[in-house]
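Chain naming follows the written order as A, B, C and D, and within any one chain the residues start at number 1.
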């Protein structure tokens, strides 16, 4: 049975869909923790694209890039959630609408 | 892979899985009788000869009990909780090797669910997923004991995952492979024809670390803080009914079996009999499948021994306090794991240079 | 069969990812995130990078999401404090993003051959060797980076002396 | 990837077991709900306050440390895999890892010196 769409297409489809979902959540959700999760979604979308390209063209560089992305993502989450905890301590909420001290 | 292969693989997988599930009733009776033996009392001896049918009675009792779902719980995650623990515990057994291979219709099939080339990473990765069942189950119960039990339990499991990983990493360094099958194959033979060529003699410190971390990972005493009944009622499964408790229990025993299997495969020669090589065995017995049978029996015996050690330790050593537990993990085990890694690397380097 | 698995994993991943964005309760978001990463690791497996699939489960599912779940449970937010998003904006922006992404996809995938890679046999070793030879310096910097992160996190959270004790005062 | 096919079979087996346990629980157990049976378990005392209240963040530090050390430990694995083969090319890999591990140990020392986990 032959599929009309290629496997590459499906990988790109997942990647783009995840990235747009992450972007949407990033822009629309108000809960800071969920916003951070959406950033993770976007990073993973890019990871998938990197791995797919790397495997299709048989170049290991893409996978090494993913290794770095994973590390940076881990650090980003750790620091981001630390900041969220601190914000919660100061404001008693994690709703992004309440963090507007920097608004002019 | 044709249909025949697929059928044989499926049957093999189901048999291994059912065998792993059988660990639960066997361990139920062994643990209760073992506890009785250590505490100098008879233990359950009424159901069947020597109380051997006790597990059946236990299981029937659990099934017939009332299912009471408390009102305050978050229903979906509450129901999912026990299965989220059981599921990873079932999946990890895929990478455990029980023997070399058996021959059927002139074809060789490995005695392992799947010959995963990243076996040890697979076990560490899937094994770390078990904490979600505890976390979500504890949170969904909406009970203070459950929540604190869940947080404690997961802190403990994640803290001990690092020494476990470091010990496994030293083993990877020594054998130069991720595959458990290749590790076991590398342990055939003897050291100077005195000692069997097992990993424990090359990685004693690694084994110790692995052993301690395995107890913590499976939530067994002396590290069973999550359910320390004196402090937290029943820990994360305070609000759970009998069958859910049974599911958690099942997962615990299966995790114990996996950890024992891992220790046997990495440090105790897996399916190899000490001092007798597979070639000699084949010469004596003359049949591949008989050799395979002996190998499986050897591996199972070794695993059973470690299960007994789990029971023995449980009734011998008192429970740790939470801060002692954390100190042991972060101050002692992790530095020791790093030291073990460095020593292994240096030994390999000088061995290579010589 | 491989194509079927691809489509199944793809749809599963996307469904789980939309669960992250759509669910009101952050605990459900975290749960969806786990499922979505699981689907992704399945996709990695299908592309033949078993190593990356395992790293995905080990680090993302087994560690990063644990942190999310921990924070969600520590803060223990009551559900649905969040003002609901403007559904018109959600609809329009979602439709726009999908429309453009589909166009981009159409253009992108036309040039790409529809092949699965011939999986190199010893791919993990190749990657590892490359990581420790050509990419050694970035790798060492990674370690330095993580060290800085450890210090940074303690600098951030050190002032946090039990903000809200066991129960509300 | 073909090596993972039996894992799929195992997955189905595990799923069947879970479904079986769930059905058995549903079918066999009697149901006799009473209000006090369905309330929060607090050792017989009347429940006070909500379990869904924020509590101390000490657990967060453990989780963060675990995350960072898990990432670092994960990179020991590819190194361990190729270490033996690359011994012929001199001590490059050994030194690379010692530097990497040295930075990790610095992090550990920092944690102990500042007593971040309140271990003492």
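Everything that follows uses one rule, which is that a contact is a pair of C-beta atoms (placed from the backbone, for glycine too) under 8 Å apart; a residue touches a chain by one contact, two chains touch by 3 or more.
All values reported here derive from a predicted model rather than from experimental measurement.
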{"item": "Any chain in contact with subunit C as well as subunit D", "value": "A, B"}
{"item": "Chain pair with the higher count of C-beta pairs in contact (A-D, A-C)", "value": "A-C"}
{"item": "Intercentroid distance (Cα basis), subunit C paired with subunit A, Å", "value": "6"}
{"item": "Length of the line joining the C-alpha centres of subunit A and subunit B, rounded to whole Å", "value": "34"}
{"item": "Distance from the mean Cα position of subunit D to that of subunit A, given in whole angstrom", "value": "21"}
{"item": "Centre-of-Cα separation between subunit C and subunit B, whole angstrom", "value": "29"}
{"item": "Per-residue overlap in subunit C, given as positions that touch at least 2 other chains", "value": "46, 48, 50-51, 55, 58-59, 62-64, 66-67, 70-71, 74-75, 119, 124, 127, 131, 142, 146, 149, 153, 157, 160, 163"}
{"item": "In subunit D, residues with contacts to at least two other chains", "value": "3-4, 52, 54-55, 57, 59-60, 63-68, 70-71, 74-75, 81, 85, 104, 111"}
{"item": "Junction residues of subunit B, two or more chains touched", "value": "116-117, 121, 147, 151, 158, 161, 178"}
{"item": "Category of the chain touch graph - line, ring, star, complete, other", "value": "other"}
{"item": "Pairs of chains in contact (touch as defined earlier), listed by label", "value": "A-C, A-D, B-C, B-D, C-D"}
{"item": "Subunit C - residues contacting subunit B, complex", "value": "27, 31, 34, 50-51, 54-55, 57-58, 61-63, 66, 69-70, 73-74, 124"}
{"item": "Contacting residues of subunit D [partner subunit B, same complex]", "value": "2-7, 9-11, 13-14, 17-18, 21-22, 24-26, 28-33, 37-43, 51-52, 55, 59, 62-63, 65-66, 69-70, 73-74, 76-77, 80-81, 83-85, 87-88, 91, 94, 97-98, 101, 104-105, 108, 111-112, 117-119"}
{"item": "Interface residues, subunit B side, partner subunit C - complex", "value": "74, 77, 116-118, 121-122, 124-126, 128-129, 131-132, 135-136, 139, 147, 150-151, 154, 158, 161, 178"}
{"item": "Subunit D residues within the subunit A interface of the complex", "value": "54, 57, 60, 64, 67-68, 71, 75"}
{"item": "Touching residues (chain side subunit A, partner subunit D) in the complex", "value": "67, 70-71, 74-75, 77-78, 81-82, 85, 88"}
